[in-house]
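Each of the next two complexes has subunit A plus one more chain, namely subunit B in the first and subunit C in the second.
Entry: the complex of A and B
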């Protein structure tokens, strides 16, 4: 018995790294494999135009999922993000329509995102109220407040220069796709190699041990939420500038899609484990599945079911892996 | 392992999808009977079964036939373009009639409790008639019945109450009328023998399901060569609608000559998808939408027909209806009512007056509307 424990204790860190590394690899294989499979059924799916549209139309989800992954790694959750994106899009659009300089309209979304999320981080970290309760409250406040203030009236007549999502870099790379890739790479490097990035894993993995190592848990959590707010602001800008109108309502179920991307991307719902590369790949996979369902003539009713199965399978696998590592 | 399972599941959905590919057209899931209109305006429409008058009646209303009357209009909310337009129609009608004074007053938010307070206050201060667009058909009924009991005439427009709480309701559009306008516009813009697809909210939304069922019936009857490719869901979500429309464009390629937007969200999003794909003029977009959201696409010649009704005409007709009720020319059992420049409007469903064919916003007229 002791021998077994010893052996597994010795093996598990390396095995854990391997499993972690392979989560991203598996997702990448799934993204490519699905593209080929659907391409065989309907070659139009592989057209460059379609693949780029899949990325373009869903990049905002991947950007928001980067922030969400950081929050979940820190051992928290945020269910207000979908509502916040709706609110930030409305703030930015309202400013742009009322003649504010476009840059100010853009920055306002980022700043307001950071402020709202940092505020939630402070309540969670210093008042020690569970994140799910705080963010559920914020969800209601944002949702109700937005409808009350705007009356559901759409924002139209947006100036052309407002449409950040229409920008193409080097005449071919759409800005949303560029932002998705850039944000993912920067966040991944920061989380892996910087002290403050590693602190998030420490706080989410074992808060007590992190405290003993001199990491301030409250400060880390506020930082995590502030960053998440910045990414939510960036996601809101992509969301708001993609179309010519802003709905002034909360996008339905958006927070669920974002959390799904994080969890399917291998971020453990129990905290301490996961990467933003995984969540971005998962966001791409989910977007690809949604498009694929139309291409293979499956009722889009199935997208929710497929997302649900992906979540369940990933979470069950995560929990089984943890039990195995805990050494039965 | 986990992804292996997921892949197996995806495989299963693939199989299920192939099996159900035949019914992807989806032409309305309800089993209610359809009643397609005649193909050209000249032909007579099949008359639906006549329904007896089911509206209410004011108690001891003062006889003011031909005399000046004062009306109040309490819409869902004030200060938005749509109800500014209905209000303008009422003023136009008052001017045309010469013996009607109408004022619009109501809550600044679409709240039923606020709306009830406004109506209650006007019952107390005394008016000859109340026009309303209900925030809630059931909750507004008691205060409207109170108005009737005080001898005040009550006529609804835009959003109905339960029938017995008002005398008449001016119905802006019937399902088969919208369906005809949509399919006729598509056949004209895309071509009689072309293919189209539909972006709707969900398959379970009652209004959209009825419209689509009527569209299918009308298309089969009057434009049998149009090919109905498929219908996709996009909730009431801007970005999802855009993604779904883009996917349809990419999937069907040159075969796709038209897209229908079934909601005020799906139509501008479909137009945006066609614009981004640089297919304006090649893929026609026809749909239900409000003018402001469609102006960029209509002004850029990417969208030619936006189907809805004209809210100015709606307010105009509602005012003529109150005048006709007061004058005694519109009574229970009547089959039509005279509505000034709009001509004779038909009575349908017992106690409703149909505004007429839907209104089509085009590049020429869309600038006149702000909602």
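Entry: the complex of A and C
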């Protein structure tokens, strides 16, 4: 992994080589290579049922990581997203259980996600408080608030029609997987081809230069966080509707898993570099590794350590690449 | 030990710098600079911005090694590979930005890294305070206590802490980089008192300053640098302000700057009584179509601040700006841009270029409105825009998709310039357009400036290189302390007249006489 990633740091004049050495291509190769390797060891890993479970259970992480990647490209970070997903899932579930129209319950999660994140964006952009501090505060408020208000109770007896994650498009494509792919492609195109997407890269790459070019840094950051909130809302819906109950505690360290997906996906923690295609592939890879550990008889608790190694390797490669670019 | 700096030292000089050469990628910073400083001598280093003073003192302080040449202390060569080597050789440097720990006390700052020990690795606080008090007493500083927190001190007192820190390490050679830049008049007087005391103890002080009056007040000898070369060393008693200015700016071939005379049109930019304290004070000026107006002045005279106020980065508090005769209240760079103003900032690294972006993306950044339709960028239009810029500015790059941060300084500067012109501006403000780039790229940027003026663009150029200002400008304005203090038409702008106005050295010459 290390050696291969370092090769990608070389800017080769031959473009074909460059494309093959991109972070996205490396991740795609890793996803397929790992599946083959583990499949050779234990063919049951490749069973359609298992692969689909891996994707279904983790699509919401990939969707949230798309928003996270955009936030990190803009030169910010958000550690409140895990707690927010828990809150949004609870809001949506509570509405559904109490007889609100299902569409309203779904929309509420999206709207609340946008509002909370946009608010954080305003504080970060206009009061110029570092994102890590603002989102750390929000993390505590959301986590504490959720436990206090729900008393730690789980939401059960959800109406059947609430379960978005059960929908299968064309009778074969599960909705979470469809949403993961659709969100990734749309966000990737938007980041690459829209003027707003370009503004995000500019603000994250050199805020001062962007400002002098007439790009409003505060407006860009609020937009980025609002969008991130929308994706967090969508992720919360997938999370809330994949099981028959909504737990008042989200998986611990969910935000770290999401950030890991972005960083391993090639999004520079220093801002200005990275794509959402990379982060989605990385989310899939991480989920695949977690599942693979079980099939090769390794304790699944190792997944955190593996994530840690992935993060360090990618960040070190990124820093080396930046140094080389600085050229001095 | 001697207190007479003019006496020829019987032994080797305390500090001897021998034919130092240093190059950075694309730039030759120093080409064979030598000077000497005796015990108890205050030796001033004088030169324009970019003359090589900073590089020279960094070499003497061990920040980076020279390519050739060396430094002798007491006649013995010393190997200055690291700052620590310089400290051990008795060399201490006080930089413009003071390097102190604001949360710690005066005593802790002075003895950071070499605190007296009391066994078992503990710090001997009593000894530290006593030594601090002894140092304070030795320089007759009575308004500073050893246990004061440095963050609460005035700039003058912080500087004294730095000086004490140097003395606590037995520094015999003290380098001061523009020590008075941020000081009040009272603190300057006290600094001079301290410098005289240090002289009396045999310390050699290397004193860097732009202010000629200070050099005449405190220095024994002065060495003038220009373009990285040693120009002259004079005894202060044997020279005057006029000679120093002339040595500093020198006489270079003006044909380096191919000035094209073009018809000058209507005023594009009119500024009246513009205010933005502290560095823009009641500034009035006009730039006409086809005209290049040079803005000369020392660093800190308020030129960049003026440019940023016109461009809306730091909007004005008072006064008036007119563009094409129309009053404009410019509150943001976006607004300035839509009025047809382009600004190429001084620091292309932090302010101009988005380094991780490609050449193509950098070119279109200020003109996204021109290549985006319905919020989406037309790749074809963007490529054409960037391709045109590439050709027009002769940028050397392997492709449009090259990461901009990988290009050479000159090519980066061309992209920053080209980016702004993609927008078709009426007024171009250039802040140090050729700083830190090689001669070839410089000449090309000058040629482009001439072309742009010929196309009717109004250009306001800030430059600290006097020959550039004189060579390129139709008119020269001089700023000092936030005001425009002089204006010269091209024919009357000479190195002597502009240099004197920059320094305010009419008055200084009188003082010195």
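Assume the second predicted complex is superposed on the first by the 306 of 328 C-alpha atoms of A that agree within 3 Å, B and C clash if a C-alpha of one lies under 4 Å from a C-alpha of the other, contacts with A are read in each partner's own complex, and residues count from 1 in each chain.
FYI, a contact is a pair of C-beta atoms (placed from the backbone, for glycine too) under 8 Å apart; a residue touches a chain by one contact, two chains touch by 3 or more.
Just so we're clear, the structure is a prediction, and the values are computed from it rather than from any experiment.
So, on subunit A, is it clash or fit between subunit B and subunit C?
fit
Please name the chain, subunit B or subunit C, that touches the greater number of residues in subunit A.
It is B that touches the greater number of subunit A residues.
Tell me which partner A:220 touches in the superposition: subunit B (first), subunit C (second), both or neither.
neither
Treating the CA centre of subunit A as the corner point, state the angle out to subunit B and subunit C, nearest 10°.
Spelled out: centre of subunit A as vertex, angle of 130 degrees.
First (subunit B), second (subunit C), both or neither: which does A:74 touch?
After superposing on A, A:74 lies clear of both subunit B and subunit C.
For A:273, using the defined touch cut-off, is the partner it touches subunit B, subunit C, both, or neither? Pick first, second, both or neither.
In the superposition, A:273 touches subunit C alone.
Going by the contact rule set out at the top, does A:241 touch subunit B (first), subunit C (second), both, or neither?
neither
Which partner does A:205 reach: the first (subunit B), the second (subunit C), both, or neither?
Touch partner of A:205: subunit C, not subunit B.
Please provide the least distance in Å between a C-alpha atom of subunit B and a C-alpha atom of subunit C in the combined superposition.
Nearest C-alpha atoms of the two chains are 20 Å apart.
Going by the contact rule set out above, which residues of subunit C touch subunit A in the complex?
Contact set of subunit C toward subunit A: 25, 311, 313, 332-338, 343, 345, 350-357, 361, 364-366, 368-369, 372, 375-377, 379, 398-399, 401-403, 405-406, 419.
Mind listing the subunit A positions that touch subunit C in their complex?
Against subunit C, the touching part of subunit A is residues 11, 13, 15, 193-196, 198-199, 201-202, 205-206, 208-216, 268, 272-273, 322, 325-328.
For a test of understanding, state which residues of subunit B touch subunit A in their complex under the given definition.
These residues of subunit B touch subunit A: 1-3, 5-7, 9-10, 13-14, 16-18, 20-21, 24, 77, 80, 109-110, 203, 230, 232-233, 235-239, 242-244, 246-248, 250-251, 253, 265, 268-269, 272, 277, 290, 292-293, 295-297.
Which residues of subunit A touch subunit B once you look at their complex with the stated criterion?
Touching subunit B: residues 26-27, 29-30, 33-34, 41-42, 44-45, 47, 49-50, 53, 57-58, 60, 148, 151-154, 156-157, 239, 242-247, 251-252, 287, 289-291, 293-302, 305-306, 309-310, 313-314, 316-317 of subunit A.
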